[in-house]
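Report on the structure given below.
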């Protein structure tokens, strides 16, 4: 079985190489194949609750290759979302703690320094633990993750209604992503545009002419041209929506609109100096991020570099205090805000929202779930991430809207080419979007295979049961098989294979030992004693 | 919904609430003996019990339709209202006040008077009149209140500022650093704020200030509790500025009260910086005491709602975007805690404003709270007491409208409902 | 309908022209500014021992329908006839047909013949549940029950399972104390729960177990009609299959009729005998399950079927992705409510509201679409506009 | 109860029927026990409960004003015996007083007795907590210890009565408003809003002032009734609001709908589902209010309203309020200098504080233990 044919760039997946020894050394990751974007090894995440320790993840391994979509399937409480949050360290602490494991993102171990963050002491024999956290180290780790979150790994969440801040407008929230990850080039473009004197009048005339004829493609083309001339692509978006307005009649009105759009290009001295300072701060932030990434790659802290960058940042910030004065603040922020607004509109356009300017200036509660999910996707793509984690992106949506979003994700996949970790409980969604599938059960990865292979030839009894229990809209005569019992309590999970109490093929050994992950077919691995393939040490 | 529609709607709702409040007060005041009511309306008599006797109608002289002061009639023989009302000599007064009309009409008159700021008169025999220096004279309640109101507003604004400055960061960070020393500290502080009576807290603050600051006791000049604890005033008068100048007091150095009526503002307008500073310095301790009492109540809500917000999906989204933690707390969650603070402040505003009489009495500040005490002691001046109550209630109602508008501004979802 | 197939089980419920509007308040003085047309004139029948599936997206009014049918909320208009006799039922159909004709010719219901209305009123007094008095309704409640979607809020957190399941029995004072306890035990075993679970509180159970408890409670009084309001949409697939199998078994054992409300077409296909598809408060299509899934007529149904992801990567289907979103039910679009999103929209759709009519090919298959029926506007034109029909999606 | 009428026949395991409610209580207690502050609160509450019970058996002969005579030994200075006007008892300085309530006092400040903390001749004095002067010039004073012991009786009884009345009215109206909805709801809630916009302290004050001249309220029990009436009228809206906001949440829950679908009437739904599920926040509020009502009574006393027939009354709030009210208490003149007797403020203040904070700690701990969202 080869991987999905829809990806020409994707060669049939290579045989996993035996690289376990290399993976265990301190520096870690350099040896991992260059194709692998994200490599998660032996991830364990526990939650310390009053009732006991919930072993939510118990040694999860997964790999995502460039441009690939990996589907992660499982039932509620199997740990698929915990996996996603553990990768970006978004587990709420307390109660959750990542206990051990490595998350290698292009060779940097995101969990570096984990063992020093907390100490555990069992209270008597109660199964309860006293945790002494080193808040300094945890804070440091969270700062390190700021370098990764959003810029290298973006996340889309399940409930778009809840995932956007209700008190800020949509453009504000997208703009925040943009400021965090794209500020220096934006400011460069703005500064350059304000000094350069391109031959605009001629293009403006053509634009007015096109608008008079209501010739949408031409308006689009000319405004794009103006965008290129000024170096501000957002200006093209702004002009397009300004002159497209059907209420505008006559050259004069259109001309006035165009001039209104152009008015934000020239900047006052105060605005320029403000933008330059913002740029310096953003650059220092990026330096800090680079330092953090190197730290995670090399496994040793660079306190001097960090402190230096942070001190310089603080100095610049201190010098910029004057810009926060009420009147000045409004004046200096205006150009950047409108630039961010129109960039956000451009992003919303790219996720095929019909009236992006209107959506950008609304509050989340004014929009429908499908629309908000598009906004979330636009926000996630604002920084060109290496990996997009989509945590049940369509679960809260209606089927027709789900179809729209899936269509959008497919289109983006072929256009942007980021790797996607798609988490869902819906095998239908997996079958439509994913290239490879991992099945999780009770905190463990039990089967991984290319999507066709998995659906055609499921090996693990749980996967088989799962596939058999889905009612099919296209197959009326299918008898619904159910898996007896329910998902185990992860405070006291069954010993050995966690599926054995529900497994129709349970053997005595299943109760005693944890089944190893074995390779059964090319890139098809399974963790079950029924199979005796080569052990996957990876 | 547009914000302005919401504001207008909220303002319209103000009227029925005011009518309702006046109805309650009408119900209460109806329980008073008729003599006291007449006295309160017209500004006659000494005020209420125990000095004002219950005068049966038959005892009155023909020449004086409403006796202002009367002989020491027995306290123990309350006149029946019916006897009082049938006496023809009382008729002019009763007619004038409308006390002969059916109850609903009386109610309507009361509400109308209330809404048109016609709140009766002070009792000429009361402490208030002595204070004014013109014994035996009666003034409209609204006039007296209008002299003292600016000072109370000043104090209220300063304490609101303290509340916001204290409760938001403390609430936020005690939620963020949950169960760590800062949180435990604020928790203890919040509990003790709940458990301390306002007069005890204020007295303790005052005593502590005198003990610790010593000479800087200009801050407590004129306080009855100070006088009680430290005996007679031991300091030179020149260090003890009365904070306001009212028409009837003429002996001290005053802060001017025109053109705005706000002593600090007026002092500044007149260029008297030191005076403004002195008035301001007198406000700090009382404002802090009031703020402490309110913050104790607010903190718990801010903390709990902050805990809830920090577990919201959109906070996770912000973190997943790469927003620095400080910005997550300040920008994304902070807006919420501001909303909650304002909301809880709105809910507890009645309690907040109800603390003013006590605080003003303890610290010797001349605001409308002090007016209330003057009208309680030594005998009840009903006109003033009810007038003060209406004024306090109006402040609460207006503040609630403002709170709602601010909330609607802060959280666009509220405008929907 | 009653005429085709004499072996059909008797009619249990006949829902006719059911409407439920929720008022919307707003503006300066918070006045009544409109209505949410949650359910807007729907009709269908439920036969004893059969399942009717009610399908639609969120906000289409399916849950409201379920609640109105049980009279948990009062309808704005319309009737639900409980166990009408065969003659009554035939007469009803005739009367409603008359009303329909009158409404179309006259333009509004006021011109309906008084005789028809009077007769309808008589039948309604006899068998419409909305005309029952409180005491009658109470006995009827034992016969009509509901299972809710959310297994977490549907069980009172302060009662033990035993108290929860026993409550309906206590309300109706069914049997002696011992009999009631025996019944509770039996119910627990029949939904596959351990009797020792009786002594626990709901929060100690998983979603699937809670749903079983909900089913046990609904079945305590041996009802003959149960509304299943998205009973499995909060559950995992493996548990969903368990619940569906239990429901199927119980239907056979106790001859239950179900109104199965779901947005999951695949689940409906597995469960229902007849399917009603709703869009914005109205029925767009109604047919026996097999018929509907093999030959969906309405463009909305077709799109709905095509949007369901099929858990099989080898299946390649034509995709119909609907554009846009469901319009607001406060101001539904004029004409056909689906015209704003319809891929096969015609000018007439914007003006004329289609009626639910039997399809020319299959008399039991009702569809409300101008593609299959000439619009009523120019009087009565003969059927035969089938040429306009889009071909049903390949499945 | 159930085993007698054959219920057990349905149960195979008759002997060891589990009691889920007991288990739940045990769990709550366990969580409460882990909370230090809550345990402090529980400890203090137990102490106050004991004090409450004990106060009924404590015959305080000095509960009201007592004649003074003798010599006073204060922390400041020793004064020799001087003229004694109406001696109840005389005895030489340094020896034990012969009868109860015969105290050595300072003739210049006859109404003050400083605390001695010497508990050995407990029933004879000198006063362990000192005295509260009601009038610096008159030979009367208040025995602070008696006041605090007897005060437990009055304070707790009055608070509980007020809260009980307020909570019952609130529960009734709130549940009615929440369940019926529509116009009834609107009417009740608007009335509540109106009451809530009058500052509570002022409303209570005005009510007490107005009810004072009514002759049926002139006796002691009448005064207590005035307090209870005034506070209840002021306090019911809080409970109404809390109950109603809970009820509107609970009534939308599916289990209420399920009960209705089973044919349960409104009464049963209220009794079995809505009220049990919306009662918890009411309990918390009750606990808080029991603590805060003495504080407000104190504030009213402090403002100068005559609540009791005597200027000082054995009630914690009143004692504390009187202690800083220059209208009621006086100073101590010693050697020409005025002193404020600290014990006047300290003992009633600390009692009031401890009572309020114990209730706070307890209710907060209970909320943490019962609310799963806060537990985590």
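Order as written gives the chain letters A, B, C and D; numbering starts at 1 within each chain.
By our rule, a residue touches a chain if its C-beta (ideal position, glycine included) is under 8 Å from a C-beta of that chain, and two chains touch if they have at least 3 such contacts.
Everything quoted here is computed from the prediction, not taken from an experiment.
J.: Trace the shortest sequence of touching chains from subunit A to subunit C and report its length in steps.
T.: 1
J.: Looking at B-C and C-D, which pair shares more C-beta contacts?
T.: By the number of C-beta pairs in contact, the winner is C-D.
J.: Could you grab the centroid distance between subunit B and subunit C? Build each centroid from C-alpha atoms only and quote it in angstrom.
T.: 59
J.: So how far apart, in whole Å, are subunit C and subunit D when each is placed at the average of its C-alpha atoms?
T.: Distance between chain centres, rounded to whole Å: 57 Å.
J.: Taking the mean of the C-alpha atoms as each chain's centre, how many Å separate subunit B from subunit D?
T.: That pair's centroid distance is 25 Å.
J.: Using the touch definition up top, name the residues of subunit D that touch subunit C in the complex.
T.: By the definition above, subunit D touches subunit C via 2, 5-7, 9-13, 17-20, 24, 253-255, 257-264, 268, 272-273, 276-277.
J.: Spell out the residues on subunit D that touch subunit B in their complex, using ranges where they run on.
T.: Contacts found on subunit D: 37, 190-191, 193-203, 205-207, 209-215, 288, 291-292, 294-296, 298-299, 302-305, 317, 320-321, 324-327, 329, 331, 337-340, 345, 349, 352-357, 360-361, 364, 373-374.
J.: For subunit A, which residues count as touching subunit C in their complex?
T.: So the residues of subunit A in touch with subunit C come to 75-76, 354, 368, 370-371, 398-404, 406-407, 425-432, 451-452, 455-456, 465-467, 469-474, 476, 478, 480-484, 486-487.
J.: Residues of subunit B touching subunit C in their complex?
T.: It comes out as residues 1, 5, 8-9, 12.
J.: Would you mind writing out the residues of subunit A in touch with subunit B in their complex?
T.: Residues of subunit A touching subunit B: 88, 90, 92, 135, 139, 142-143, 146-151, 154-155, 157-159, 162-168, 176-177, 180-181, 363, 365, 376, 379, 383.
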